[in-house]
Amino acid sequence: MAEYRYIQFSVEADIGHLQLNRPEKKNAINDALLLEIEDVFINMPEEVSAVLFSGNGPEFCSGLDLSEHVARDPYGVVLHSRMWHRVFGRIANSPIPVVAALHGAVIGGGMELASCAHVRVADETTYFRLPEGRHGIFVGGGASVRVGSILGSSRMMDMMLTGRTYDAVDGERLGLAHYCVEPGTALEKATELAKSIAQNSRLSNYAMVTGLSRIESMSMDDGLFTESLLAGMTQTSSEVQERIQGFLNRKKK
Amino acid sequence: MAEYRYIQFSVEADIGHLQLNRPEKKNAINDALLLEIEDVFINMPEEVSAVLFSGNGPEFCSGLDLSEHVARDPYGVVLHSRMWHRVFGRIANSPIPVVAALHGAVIGGGMELASCAHVRVADETTYFRLPEGRHGIFVGGGASVRVGSILGSSRMMDMMLTGRTYDAVDGERLGLAHYCVEPGTALEKATELAKSIAQNSRLSNYAMVTGLSRIESMSMDDGLFTESLLAGMTQTSSEVQERIQGFLNRKKK
Amino acid sequence: MAEYRYIQFSVEADIGHLQLNRPEKKNAINDALLLEIEDVFINMPEEVSAVLFSGNGPEFCSGLDLSEHVARDPYGVVLHSRMWHRVFGRIANSPIPVVAALHGAVIGGGMELASCAHVRVADETTYFRLPEGRHGIFVGGGASVRVGSILGSSRMMDMMLTGRTYDAVDGERLGLAHYCVEPGTALEKATELAKSIAQNSRLSNYAMVTGLSRIESMSMDDGLFTESLLAGMTQTSSEVQERIQGFLNRKKK
Amino acid sequence: MAEYRYIQFSVEADIGHLQLNRPEKKNAINDALLLEIEDVFINMPEEVSAVLFSGNGPEFCSGLDLSEHVARDPYGVVLHSRMWHRVFGRIANSPIPVVAALHGAVIGGGMELASCAHVRVADETTYFRLPEGRHGIFVGGGASVRVGSILGSSRMMDMMLTGRTYDAVDGERLGLAHYCVEPGTALEKATELAKSIAQNSRLSNYAMVTGLSRIESMSMDDGLFTESLLAGMTQTSSEVQERIQGFLNRKKK
Amino acid sequence: MAEYRYIQFSVEADIGHLQLNRPEKKNAINDALLLEIEDVFINMPEEVSAVLFSGNGPEFCSGLDLSEHVARDPYGVVLHSRMWHRVFGRIANSPIPVVAALHGAVIGGGMELASCAHVRVADETTYFRLPEGRHGIFVGGGASVRVGSILGSSRMMDMMLTGRTYDAVDGERLGLAHYCVEPGTALEKATELAKSIAQNSRLSNYAMVTGLSRIESMSMDDGLFTESLLAGMTQTSSEVQERIQGFLNRKKK
Amino acid sequence: MAEYRYIQFSVEADIGHLQLNRPEKKNAINDALLLEIEDVFINMPEEVSAVLFSGNGPEFCSGLDLSEHVARDPYGVVLHSRMWHRVFGRIANSPIPVVAALHGAVIGGGMELASCAHVRVADETTYFRLPEGRHGIFVGGGASVRVGSILGSSRMMDMMLTGRTYDAVDGERLGLAHYCVEPGTALEKATELAKSIAQNSRLSNYAMVTGLSRIESMSMDDGLFTESLLAGMTQTSSEVQERIQGFLNRKKK
């Protein structure tokens, strides 16, 4: 396993665990940290069936470290933002499900990171904020797409224009998190979910994490067609017959 | 009225009532049941202005009966899924509004069926689940499109990956149902709504059930254009003048 | 400042305030009122950085005054609806954020108007209704697009088919309002938000109010590309460097 | 084989042949003729692998017979047009490729019919026209979508606004036909193509006739994803291994 | 009729004629010229049924006058480009068909202007070029959308990257013009077409110039739905019955 | 410069040249060759401003070597196709323009490769074919998207269903190539174009090669918005002022 400076990555059984590990900076994101995340996903061990994502220290992630902010010309900003998109796309488009455990600050780039996970567990200390608009800039790591898709553009606009904070309960209500749990228990719950998801068939998990968001962006008619193709791809493995037989046997008992 | 094996269909005044009638199997769906539903919609009596959808017995519908699961090659699975799409499209694209009364299990194919209705009433015993991903397969009757459109792809992904259950209260909160009522009263409430909807103009109902989901999938600009055309189609019938005059008269009193 | 018959418009510091001012008719919308709104937005004073929208009297806006309803042929209806779209588009596509203060009736065309604002504050007396389908007509001022985008087409269909009313608490829950406040305090809260938003950089505000809804309607990949361009546009002004430096200085203290 | 009044349908080996057979009316389309076409596609014999489409007499099809034009209210026109869409969709979305042999007039509804075929052969007597705009109406059988997709909306607009005629050579150049052949030889060429296409694998033909137009309407990224699914569906049949082995053997000789 | 500095506008019978009139500058576009065009379309006389567009002097339009180029910050460039879009949208979205007569240079902004017309006639002296990419900038008056829609993005990319010139014959072949005529006869041919188009029903013309490009950008299924609505809008005027009867009478003779 | 087995890559001045170098196999594509292409684009030297793409030997590229065809299950086929998409995306989405010189066979995967280039020069020996459908499979390297976007889905369907061959002249006419030149001169012409393109500003080239195809896939309204952002990004570099001044100076002479 590679040694990283800003993150830690470990594997236990078929579950990988990627932890942001820059607690003294509230896990603020810099380019080096991003490239370490990319490296993990490029070299993901074959045996890993689900990935946990968490943050070491009192905050999940406070976003881009503004103290490292570099003045760039417009083209430089575009290329930099595209690099963030490339890395975050590695997470969101991973063939393996990613489960995030959130707590404390989930701010700016931290929200962009969290929104790439397929399942999000927030403990009650979690709070969400997109302060970019207040600093005179705009998001550049995918928030307008991924957070926008969760909240809808109307709520997203209010959130960014006013810089308001949503707490964990609101976060669960609005879909920023799928589960809201007691303080300090997010990782435990996320681990339990990851283990459960890892027991799904690899092929089904692939269909769910890659297919559902694509189908959402298609026209209804094309989405139905694609659903049929995904059904065709998943239902013909021998594993399926066994799983269904197993289910029927359990039901009979 | 035709005699059916797996469903019942009756008409009272201008309200049709299609009831899944396979209680011993929790109204599990097989191909024959689907073709009976299609037959009802193809031969819908002219006088029917709104359709009720319900399930006989303790559950609304437990989805595809896995005990009837047939192993198919990918092409066979695709064609089979397209057949489900064709039948479910008959409901969702019906020119006449469909109101579903839900209770107990609304699982898998049962959720796909329910999501084709234009209005959904759930009593408090209702619970929703999409277990396909847990069985190693994928949905194939439109859930990725119709349930996905209600929940958003992010919540949909969590629901399918983890196989979690949402109860009736959550269902109403997330839009899986539009109304949550006391146990045993879903059909009563649905009937009341269907009767009320049946009193709308036929043309308005057509515009609402066919137009709104299409406009949602268009670009904003094209959606506005289409809205204007629908307004043009509805506002010129003589019936409209009478309805508006009636409304103004009632207001004056 | 121009004199208007159906509305009032005033400017205080960098905040404009457009008030519907036809209280004896519950601020019902007619074409003359619409053209007055358009006139305000065409001639918006340069110094205005945010606009407040409110209604004088006991109701925010009861929608189209049906007593002024004119029978038109389909082409006439289409052209009339397109005129509403043109005026409402002035609000929704304004380069300057618009904050609406809602109370009492927000019905039909009033909901269409409110949904053009970028931030909506509702006091607890507010209620929302789209009765067009009950009158035998269809919406024509953008509700199928803008309210549909907030509620999703499934909830929108139920709301229009049944003519149901949502109160302020439900309205906040469903996104019809972003804030629900005590009776009589909507304008106060909206003013506070507008002042805060006016302190954002003009460029950031432009990116947020024009970019976020466009990105929502693009494919994910194109949306990310556009986000990068907006980031490039905003992050290169000298103002940004000052804002970020100011933030870092405040943090240090 | 059913007996029809306005068309003929015959099967030879694995090729079906549907011929418009109303030569005294230049094969003008009425509703009865449409329903006969639908009947053919609903009851397509299993052994048919490709379908020929042609017109008996001196013209392929002169479009809607205006002498049967019925005055309808807007809703009636919409429902009537939707019926045409349903029938024409049967052709365009057929799982089996359709090859049209064109000659003489291909006008209005005749162009709409021809544009549903997957391959079009025109002899040099063929000419194309969309006169609807000149009669004060609009197309209603899919021309704005299917002919528009071939010509692009800019050329389509000129063609409809001016009522201009394109001959067979222009037709081939613009994509209205894929082949332009000597007078009287269109059916011969179409038959040859249909026989050749019928020798493709059924599954490949399904992927091509259903997939390519859907992929065109998706975002680039979603289109690529769907292409991969179609590749996955087709490449795993045992038939493929035999075909590829056969190809390699032929190459070696 | 208003007096203009950079253009001329005249009306004869039901045909308007807008002529670029800055021959000493090859009809180069500046902001004042654009605002004059907008003024014509805002105040289009009711009796005008079709509009001619032409250029006075040896060239149709050589595009943006670079000698008037003003250095702007990114936000300023965006707002300026949006102003061009607003004016050009007036032409392209006009409810009345616009026919352009082209000759000589049709370069940059001149191509953007020409591509807003619904029908384009080019004489053989016409040549097309998009030199923006060669000057280190990008188009900003809609070429990437409107010329891109005609040429396809692949041909558009080559044209802009290499700055190549297409002559009139190529222009017709690629759709940049719908007609290629002898030198000096473009206006004559365009006038003939405009007069012919003006004899269509106003409603049909509206449906064609507003509907066809929208339908092109919709999914196939939504496009068909919208086609039906446009058919419903046009086919119910009493004028249609007369036109169809007239056509049938002429045919009988 | 890295040493490759199946390709060659060299740099002269600011032009890179990637040549397929497997002439004994007609430059057939295997996975190792693809990964070499990817390696070139990942490690593209900073000084390269445009890339040439060509094939060594008598053919440009005969596509996937079927003799290396490996039987895979559906999931394996999908993942393999996605790998091709990743590599081909490197070319098509390159920030630097790619010019392809084509000759001889451009078949299957070879067409997919060629269609990733931004400019294509074909000499008269070139011929194009997509034989996948004839072998019982489907394309999997992007042809349905990139070739489909050039030809339109209707011509694409005929080409794949019938396996027909287009020669160089037809190829230019249909957009498969942008230039058709004498036998043996494609590389010379492509080099000339690449050198010319390399003299454009880097920023303009980026806007053209990344922006134009995205704008094509957006709604008209969103496309215009994005065009304005690209204009804003390009027009503010100091280089632009110099280029425009240079152009004006040249014109004066």
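Chains here go by letter, A, B, C, D, E and F, matching the order in which they are written, and residues are numbered from 1 within each.
Here is the rule we use: a residue touches a chain if its C-beta (ideal position, glycine included) is under 8 Å from a C-beta of that chain, and two chains touch if they have at least 3 such contacts.
Molecules present, by chain and UniProt name: A, B, C, D, E, F = Crotonase/enoyl-CoA hydratase family protein.
Computed from a predicted model, the values in this text were never measured in an experiment.
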Between the pairs C-F and B-C, the one where more C-beta pairs touch: B-C
Self-contact between copies chain C and chain D, residue sets same or different by half: same
Separation of mean Cα positions, chain F and chain A [Å, integer]: 33
Intercentroid distance (Cα basis), chain D paired with chain A, Å: 46
Multi-chain contact residues (two or more partners), chain E: 73-75, 78, 149, 173, 203, 211, 213, 217, 219-222, 225-226, 229-230, 232-233, 236-237
Contact graph of the chains (line, ring, star, complete, other): complete
Complex contacts: residues of chain D adjacent to chain A: 210-211, 214, 217-219, 221-222, 225-226, 229-230, 232-233
Of chain E, residues touching chain A in the complex: 74, 219-222
Chain C-facing residues of chain A, complex: 66-67, 69, 71-75, 77-78, 81-82, 85, 89, 132-140, 142-145, 148-149, 152-158, 160-163, 173, 213, 217
Parts of chain D lying in touch with chain B, wherever the complex brings them together: 73-75, 78-79, 95, 202-203, 206, 232-233, 236-237
Of all residues in chain B, those that touch chain C in their complex: 97, 115, 118-120, 149-150, 173, 175, 178, 193, 196-197, 200-201, 203-205, 207-209, 211-213, 215-216, 219-220, 223-237, 239-241, 243-244, 247-248
